[in-house]
């Protein structure tokens, strides 16, 4: 442990982000989140990000080589294949149940630390919205900052 | 981003929920969580839910069609089969190690946003306790609300 | 629900932990986290732990029988094998992409409840840093306590 600091904690900020996805794939949202933190004026604390959907995910992963996301997509597609005849839930098509499985195996919500007025992400960490449905969707995120 | 709001943050509420599970399966706890938020009087903030066990999970998933949970159970049972001879840890039976694997692949704790005095879950989002052991268990959750 | 308590919330504490890993495997950090909570003086609230890397994980799992971690390692190694020819991302060797997959299937950040000045972990819950790379790495955690 290299540093401990205690101070009064008196602010919260909330916001909503709406994102239009073009279908299955990744959209980086690190920039939007950093901007929200900047606007809040909070220097130290946490930023909570919540996705109000069960067929997409929030993801923290490597932000430099697009092949990482390509491999993640290939991996999860093989693990929970579209159109698997084993699924009972297929109301909305072959990508319906796989989207729920992908959501459960990854994250619907994440909390990120704020330090010096910015998200303290590692150099290689990006935050992504991972759309699991093949068709375009409108996705809504609820953001909450708590800090000082 | 459509809305940003800053205000003083001065309240926390805590609670404990004990749940008796009848064995492997899902129990929705969204109602209990909403009631706790209501009682706390907090209008804006977050509600943290923590499961004090390593052989059950907390889950956010689709709340309308029970086939989604049936497919999730089938999927994870196939991924981490009971009684797999590869497991070294089998003290408490064939469902012992699979329960720990299921716990690690899903969640032990979740944070949910509070807006307008209620959890801001999406329309199709339900919060579930997912029991992974085949026999009945007593499960304990620690709830913490931070907000104003 | 057995207990609800509301009080003013005025403190935050932050810290950074640096951990040297000897390569793939598990290191328990529950003791370090408990010590940070003790030093903060916070009695009720939450402790957020954030890993600034995408090729290692934070893990809550059974802390008594080392065979549980051995089985977890075997399970995930079989699910995302090193050197799989399907991976496009292999800049840093055969364990590079599997490390990112393992990170995505588990957790990069966790929030833990504080009660009575200690983390309210279950009896059998330990918190671990799970190194996914085969060679030694330096890992950094950002800790944030919010409570009173």
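Which chain is which? They are A, B and C, in the order written, and residues in each are numbered from 1.
The definition used in the following text is that contacts are C-beta pairs under 8 Å (C-beta built on N, C-alpha and C of every residue); 3 or more make two chains touch, one makes a residue touch a chain.
Only a predicted model underlies this, so the values are computations on that prediction, with no experimental measurement involved.
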{"item": "Angle of the C-alpha superposing rotation, chain A to chain C, to the nearest 5 degrees", "value": "120"}
{"item": "Same or different residue numbers at the chain B/chain C copy interface, by half rule", "value": "different"}
{"item": "For chain B paired with chain C, centre-to-centre distance based on mean C-alpha positions, whole Å", "value": "18"}
{"item": "Two or more partner chains touched - positions in chain B", "value": "9-10, 79, 105, 107, 111, 146"}
{"item": "Chain B to chain A touching residues, read off their complex", "value": "1-10, 44-46, 59-62, 65, 67-68, 70-72, 74-75, 79, 105-107, 110-113, 115, 120-125, 146-148"}
{"item": "Parts of chain B lying in touch with chain C, wherever the complex brings them together", "value": "9-18, 32, 35-36, 39-41, 48, 50-55, 79-80, 86-89, 91, 97, 100-101, 103-105, 107-109, 111, 140, 142, 144, 146"}
